[in-house]
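Take a look at the structure set out below.
In order of appearance the chains are A, B, C and D, and numbering begins at 1 in each one.
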């Protein structure tokens, strides 16, 4: 167990050290000549709009994230099933088939309601 | 996993780290050369043979560039975002075997950081962590283009994560194990007939197609590089980044190409397995590394070709493709795979029947794939709602007035 | 022992154990598809209908006549409805949902007569199916009856109302059906995991339904409030379940009941789990002091949905309470009986007191529902077979009375176009005597006046309480009933004794509404004067999977 | 040793980040702390040898739920100066409640699980003699499968828990319906609004009242209907902003 994850831990440490180290080194050796234009938001040369953070995003994105959550859970259910379904035979397939079919109805419903349209 | 000397884990981690870093560096150079060739240019050719050291020099140059941190950013998150990208990128390589068994100083081990027992899920999990890098870069910049680019890119990534997850699920269903080592081992034998490789790409062709599309979208590469469509969003989520922080994003992006190619090779093309041509054992251990590198390079080349050849996709089309085509096809294919596996187990299918079944299934799913991917008019449900709705919902203007008010507040 | 029992290989599927839920589940999915099928409705209805008929014929050939008949009827009805209402898909939805619920009711009764009590007179059998996920016993039977009857009443009741408020959507019936399925499944659930998922199925549906009227701020607020409070309650409940699992190492309620008594079980952990579970379920059935969400949600939600929430969630919530406390925690009786008793006492007094000072009738009924949760709890804390059957019976009568009351409110609300207060009731007895009579009848039943269903229920609950030695609680219950009778009777009095004020249109009673309120009124009286059949059923049903 | 070290690291990380979640003023920072917390919990699962659950924790919680959370933050357009403030009285109540629960849990667990008499205590003889099955590590339970518990989990999920598994599909379906309804602006099925429908062969119950009493929403007069805002989520859809 520990043996398995030790190399991963080492890799993580090495990667972090590499990434953070690069940032630190560059901040040490790089020049620093700030001016107001550099420090303002880039908007293709226009005067930056004031409050970008009050912008609200289209509800589409929320819907995508919500659907992602739902189908992610479905996908996650597929993995343990993929490993064990052989021992359940056709019953196992039917079981996942029903699950997928029910969510398939939800999917078709959503398709029909335009939930997947990006307009 | 047997006990090894303490240096072995360090060796594995560092070898893989350096390996992928080098391949990424070569990729950046190769891409510039190849795309240049496709555009009848020369590309970098000054530093080193054929300009091969250009990447190195560029990397060094990055250090001496000014790292501008605009005034409006959210500093801690602004710094964190590129780090997450690079770290997640390196970590997702942890389960990919880059070669076969090697013996070094009396220790025999496989050239992989660690063959985790949740292998393929580890890859997906790191992919889902990578989303944060993009999203947080956009959010912390506090500037219009990055914000839009970040949200767009993360929506794209999560959409294709599902499709990719389903394609990987087919592989797991076929193999019956989550461990990458098992998946590679299962592909090392012969295919449907002797002499044909037992690659999953052949048996699970639809899953392979889905994964191919998904990997390009996940990596945010052309033709799916909507997040940084310079015509609309300037640089996308990293517009406000400069200096080494920008360098990190660039590294992460190119590393993603390498990782995706490596995963593709591992899951669908048998990883490092391949013929050894009866070489003596002393040399034979090089062959798996060679095969892995060749296969991976082929996919990296594919990525570069895509970039050189294809125009950018439209964002709505991209999302439609992911949700309306890849997800349903992936789900159906996962079940079909399971059915085939069960048939295989219960009855002894003849090779002809197998091939027939496989071709039929592939044609069916492929047809679905292309029917779905056809231009919108072909599959759009005629929208009967809107005109009636506007007419019927008499104070439709009220609706809009409401919005205006709401936006104002 | 460690992770429940290990069941390898293909599990045994006892179809009859969840047959009643299959019908509304399928119907919900089909109606969901129909709702988006547009002009291609027939392309959905015909194959589904055909499949259902084929299934039905096959069932009949293997001697399952009643389920087969249900499948055939529904299979024929679906395309027929699509043909019959080509221009009003919403009617297809409403009728389809109604028929599916009727089918579920038929199957519930079939299940009882054919599987659980085949001889008819003998004691009811209990069925432990699907490796312990499902327990078919008295709780399951009564929950199904109550929930399906309520849903069946609510669909025609609300159809015209939703259309007129212009908040009808084709998702309404599927969501209502799925909520019903969730509640029925909760009534049968016999392990913690099934309980939690079933609970979430119906509460998630109800969040959406409570916020159904998107343009109405109060409905929005109701949806949001219900969502936030109920989600927190679910989290607390889940935490409690996790702790119980930690302590006992199993999620099966009967196994928990056995394990929790062992010396090796850390009781303190189980006790904290029990406390958190109690908080969670108290939220769900709105026992004071966890009732704060109830008035606002009941007032804000569209009235037909409020009717469903008030009537059916109580049944489902108490089903899980009964099962948890009587099956899983009987050995911790010393802990939960006093706590629940105190909660019940507070609930009865507080609910009745606050109901008096309300002006809005929906709020009055909301507080009334809180009060009734208190009465029903008496049967739980009695911790006896009598108490069990009393609670089950009480919930049935309460559900029907509440459905009738809200049905009458719908008619008034449609006239008034807004909230209904006492002023709207003045002289209703003269303007619309039938409606006033139904409303008065339901009030009498909720107040527990003799010759109505509510009286019998209250009597049984109080008797069970006294038998269990909880006289003080019953005294509080009686006091609360007297206080509550004041506002119930005041409603009835205002309608018949006071003069109408000003010009108002007649209350709008659609056909569906009038049928449903009449049926509920008849049921209220029938159960009040001829309770024997159902009482027998209830006492027979006091058998549990232990 | 390694197990103990990783436990303490992850436990401290989990606790610290959980505290940070409630202490942070900026909602995105708080969300990031929550991500860290979820990852630390995944680490704890890993320490318990439950690798599959651990990775699913990362995939679903950190990878999906928190992304949804961040998207909703974007959707609402939360200003960075928007701080999360709570009334001091409520904070006090919450702190008191949490402290009470913490003390109760500590008391409940410390007693039975650490005393020498306990089956889970250090006294291995007691553990060996009595019903000690609850105290073995997950490593041994998973022992055979070598896949981090996924085989055991799958066999339970698809064998014993078939019914709740299928119910979960219904739950996800309801969630889909809810998401679509929330994201849609329109209240009605347009086909049902077609006046012809209402005069169809069989008038729907209540249709008679439509013309006479009110032609629009029942609850509000037209003036307030326009002023009455929909849910923020709904109108937040500033549709053309993106393009």
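We take it that a contact is a pair of C-beta atoms (placed from the backbone, for glycine too) under 8 Å apart; a residue touches a chain by one contact, two chains touch by 3 or more.
Worth saying up front: this structure is predicted, and the values here are computed from it rather than measured.
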item: Between C-D and B-D, the pair with more C-beta contacts; value: C-D
item: Geometric centre: closest chain by C-alpha means; value: D
item: Label of the chain whose CA centroid is most distant from the centroid of chain B; value: C
item: Centroid distance [mean C-alpha coordinates] between chain D and chain B, Å; value: 28
item: For chain C paired with chain D, centre-to-centre distance based on mean C-alpha positions, whole Å; value: 26
item: Where chain A and chain C are represented by their mean Cα positions, the distance between them in whole Å; value: 40
item: Averaged-CA centre spacing for the pair chain B and chain A, given as whole angstrom; value: 13
item: Contacts with 2+ other chains: residues of chain D; value: 52, 56, 59, 63-64, 67, 71, 74, 80, 147, 150, 155, 159, 162, 168, 170, 173, 175, 177, 180, 188, 191, 193-194, 216, 225, 228-230, 234, 236, 238, 242
item: For chain B, residues contacting two or more additional chains; value: 116-117, 121, 142, 147, 151, 155, 158, 161, 177-178, 381, 384-385, 407
item: Sites on chain A at which at least two other chains make contact; value: 5, 53, 55-57, 61, 64-65, 67-68, 72, 74, 79, 83, 85, 87-89, 92, 96, 102, 105-107, 109, 111-114, 119
item: Of all residues in chain B, those that touch chain D in their complex; value: 74, 76-77, 80, 116-118, 121-122, 124-125, 128-129, 131-132, 135-136, 139, 142, 147-148, 151-152, 154-155, 158, 161, 177-179, 384-386, 388-389, 392-395, 398-399, 401-403, 405-407
item: Touching residues (chain side chain D, partner chain B) in the complex; value: 26, 28-29, 32, 35, 51-52, 54-56, 58-59, 62-64, 67, 70-71, 74, 80, 146-148, 150, 185-186, 188, 190-191, 193-195, 216, 222, 225-230, 232, 235-236, 238, 242
item: Interface residues, chain C side, partner chain A - complex; value: 8-11, 29, 32-33, 35-38
item: Footprint of chain C on chain D - complex, ascending; value: 101, 104-105, 107-109, 111-113, 118-119, 130-131, 133-134, 136, 141, 152, 155-156, 159-164, 167-168, 170-171, 173-175, 177-178, 180-181, 187-189, 191-194, 196-198, 200-202, 204-210, 212-214, 216-220, 225, 228-231, 234
item: Chain A partner contacts - residues on chain B that touch it in the complex; value: 1, 3-4, 9-10, 12-14, 16-17, 21, 62-72, 79, 82-83, 86-87, 89-91, 93-94, 113-117, 121, 141-145, 147, 151, 155, 158-159, 161-162, 165-166, 169, 172-173, 176-178, 234, 239-240, 243-245, 247-248, 315-316, 319-320, 323-324, 327-328, 331, 334-335, 338-339, 341-342, 345-346, 381, 383, 385, 407
